[in-house]
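Got some structures for you, see below.
One chain, subunit A, links the two complexes that follow: it is found with subunit B in the first and with subunit C in the second.
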Partner chain A sequence: MILIGERINGMFNDIKEAIKNKDPEPIKQHAIKQEESGAGYLDVNTGPTVDKENQPAVMEWLIQVAQEVSKLPCCIDTTNLNAIEAGLKVHKGKALINSTTADQAKMDIFLPLAAKYEAGIIGLTMNERGVPKTSADRIALAMELVVNCDMQGIPTDDLFLDPLILPCNVAQEHAPEVLETLQQIKTLSDPAPKSTIGLSNVSQSCVNRNLINRTYLIMAIASGLDSAIVDVYDSSLVEEVAATKILKNEDIYCDSFVKTYIQS
Partner chain B sequence: MILIGERINGMFNDIKEAIKNKDPEPIKQHAIKQEESGAGYLDVNTGPTVDKENQPAVMEWLIQVAQEVSKLPCCIDTTNLNAIEAGLKVHKGKALINSTTADQAKMDIFLPLAAKYEAGIIGLTMNERGVPKTSADRIALAMELVVNCDMQGIPTDDLFLDPLILPCNVAQEHAPEVLETLQQIKTLSDPAPKSTIGLSNVSQSCVNRNLINRTYLIMAIASGLDSAIVDVYDSSLVEEVAATKILKNEDIYCDSFVKTYIQS
Partner chain C sequence: MAVNIAKEKWTSKVSEMVIGTEPNAVKVGGEATLPFLHFEGEIPNRPAMALEVNDMEPTDWPETVTKPFKGVLSDPVAWAKKNVEYGADLIALNLVSADPENKDASGEECAETAKAVAEAVDVPLIILGCGVEEKDSEIIPAVGEALSGQNHLLGLATENNYKRLAATAMVHGHNVIASSPLDINLAKQLNILITEMNLGADKIAIDPLVGALGYGLEYAYSIMERSRLGALMGDKMLSQPIISFVGPEAWKAKESKSPIDENPAWGELEKRAILWEVSTAVAFAQGGSSLFVLRHPESVKQLKTHFEKLMVSNKY
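Then we have the complex of A and B:
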């Protein structure tokens, strides 16, 4: 289970200010602290306030600053093609592109970029008609992503399928459909594609957000989830993820299993 | 999801003393407090210190005392046939017998009793050869329990199959096999049998027992688990169970979803 730390994102005020002031310190601090808290990737997102033409330079800077102090690879989180490529050019190690949808036009643009840089890529199970209601329709789009990756020469397990969890207070019926989709993803090919979710979306505008987040994450892991974009500073969540590694028989039990997971 | 409160059990010192002194107060207090904490059944077990010949009278007394102050049905937890029948005779509402194995000799004794009193019964997926290692072998025994219930006229959904979780520090490979078994139980018949586990066994002699317990419970619920014998005083666990009701789309989201679950 890979935790992708969500914190280097311009939607947070400290990162927004750091970008504005070209101050690398908050970026570095979050890179280090997220790695120490159990992250396996750092999500990097310029946020909504950076102009489109400045996004490539800002993405390049954020990735360079983060990788100066952390060995973690980055999840390059933007829909701006030039920003993705600017990030890929300076990235050390195997990057993860976040994301393409299953629109043919988008797959035709983003997948060749993943192939060129040998990056992983998150594929959202949605297209120009929006997010499907059922797991069956999500799986149909997942299959289009798998086929297109194959045509582009991208190894299937470099594809991270995201079945798109929606807030449970307004689109509650999606939550079990996403769990069902996660189970079925493992049957799509051999080797199977990986899976991911943007966890905090499940609890948007809800009470007890951390409770809902960690409970849904554990349900999703039991359904086969491989990775998620999360708040790794939520120690209750990280501890439960560590416990799933024991309970799925993936890490050998030892009394320090939480520490072992975080440091691995 | 039904939580079966584990607390009225002579292995706990306060209950052992209450039985010895014929003091109903601790029994009543735990009956009330467990109901208030989210229990849907009260497990009742005389514990290891009551002589075999006294077990029927003690079981009868425990159930009567508990049901004086609580509307909850009881889970009659003993392998002593006479104690089970003594309990069933005084029990108000639909009792749950805990338990029979899949040994033919045991099924031939315990299942007719469940049929006679229209009680539910927990069926352990083990026989005279012990606990199977794989989910496939657990399911084979589950099917024997289903068939024998059918022959005795017990409705399939009165059977609670228990795939037997073992401590993860000594028998770690069983944990994912039990999750797999829980998924497959739902495919055995229509209506499907119910399922249950004795949760705290998963963390015997481990560190962070509550963390392991609640994480495994949520994984098991995602795999289809219907009920579990648990410590309902563990409020973190009960809150996460309440969240699963929302995330499986079984209860409608409201801001007081934890309170709603506990009171339902």
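Then we have the complex of A and C:
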């Protein structure tokens, strides 16, 4: 189970300010702290306030600053093609592109980029018609993504399918459909694609957000989830994930199992 | 249509341990796949073999295994030299005299013996206490200090005495054997505790506690297999090379001692006894063990031939 730390994102005020003032310190602090908290990837997002023209330069800067202090690879989180490529050019290790949809036009642009830089890529199970409601429709789009990756020569296990969880207060019926999709993703090919979700979305504008996030994460892991974009500062969440590694017989038990998971 | 041969892709490997110093260092571990599957990953080092030396003449060794050491059994230095002649890659020095029920030898006395042995042979040493945890945590630090910087392998560090042994290994530049009683969870935990003292993860060898063929071999085998799989899948706290104390176990077995007239169907004693030691080691090599402590020189000879054949690449 790979945790993608969500914190280096311009939608958070400290990062927004850091980008505005070209101050690398907050970026570095979050890179280090997220790595220490159990993250396996750092999500990097310029946020909504950076102009389209400036996004490539800002993305490049954020990745360089983060990787200066952390050995973690980054999840390059933007829909701006130029910003993705700018990030990939300076990235050390195997990057993860976040993301493409199953729109043919989008796949034709983003997948060759993943192939060129040997990066992983997150594929959203949605297209120009939006997010499907049922698991079956999500899986149909997931298959489109698998086939297109294969055609571009991207190994299937470099594809992280995101079945798109929606806030449970407005789209409650999606939660079980996403779980069903996670199970079926593993049947699409051999080796199977990986899966991911943007966890915090499930509790958008709800009360008890951490409770909902953690509970849904455990349910999703039980359904086969491989990774998630999460708040790794929620130490209960990270500890619970460490326990799932033991209970799924993926990590060998030892008394320090929480610590070893965080450090691994 | 071309046939696509499925090969396992492992993400990690066993750590490589260096014992001794150049040019006489012995390397063990470093495997990037399951035992001897050269076609799937690198197997850089042949399993290494140590022959035992006791610092007191052994009283409970069967004659079959004392015979090759006639005349040297009460002289650890001469015995160690003999072992090198017999082809041992390392010497496993058992400081049994430290046992309060034997001579209750002090740390200084043990250090002197160890020093004399180390000076007499070029091969690196595995230096073991008397097995009394409390006493070992006194003598091993003294020995480690006397041989400072020589990068030997010290043991046995257990849940109860690992602190002093690990500290000695750190300060005086040695490796340490982490020993746990047939329990993979404890083995992992002990490695964590030792690395938390800042001894490098590549300075630890795992002793899972083995049994001889017919005496619980399969329990140790499955622990080895499981920890190797863990190592290959990225579990850093189970990625250490595994040491098997085959000699002490195999020569305790009834099959290594019972004369032919007692069990005519079992065949000639000497051949059978050596075979018992060899077969036990062969099984553990397939389980993932890469360092063997043995007793009989003929076992070393036979196993060397066997391991060398297994090291011939089967890449395709």
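Rule of thumb we're sticking to: the second predicted complex is superposed on the first by the 264 of 264 C-alpha atoms of A that agree within 3 Å, B and C clash if a C-alpha of one lies under 4 Å from a C-alpha of the other, contacts with A are read in each partner's own complex, and residues count from 1 in each chain.
Here is the rule we use: a contact is a pair of C-beta atoms (placed from the backbone, for glycine too) under 8 Å apart; a residue touches a chain by one contact, two chains touch by 3 or more.
Quick caveat: nothing in here was measured; it's all calculated off a predicted structure.
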item: First, second, both or neither for A:C206, with subunit B first and subunit C second; value: first
item: First (subunit B), second (subunit C), both or neither touched by A:A222; value: first
item: Between subunit B and subunit C, more extensive residue contact with subunit A; value: B
item: Touched partner set for A:S264, first subunit B, second subunit C, both or neither; value: second
item: Partner chain(s) touched by A:D255 [first = subunit B, second = subunit C, both, neither]; value: both
item: Touching partner for A:P176 - first (subunit B), second (subunit C), both, neither; value: first
item: On subunit A, positions contacted by subunit B and by subunit C; value: 252-253, 255
item: Interfacial residue positions of subunit A with respect to subunit C in the complex; value: 251-256, 259-260, 264
item: Residues of subunit B that touch subunit A when the two form their complex; value: 168-169, 172-173, 175-176, 179, 202, 206-208, 211-212, 214-216, 218-223, 239-240, 243-244, 246-249, 252-253, 255, 257-258
item: Contacting residues of subunit C [partner subunit A, same complex]; value: 184-186, 188-189, 192, 226-227, 230, 234-238
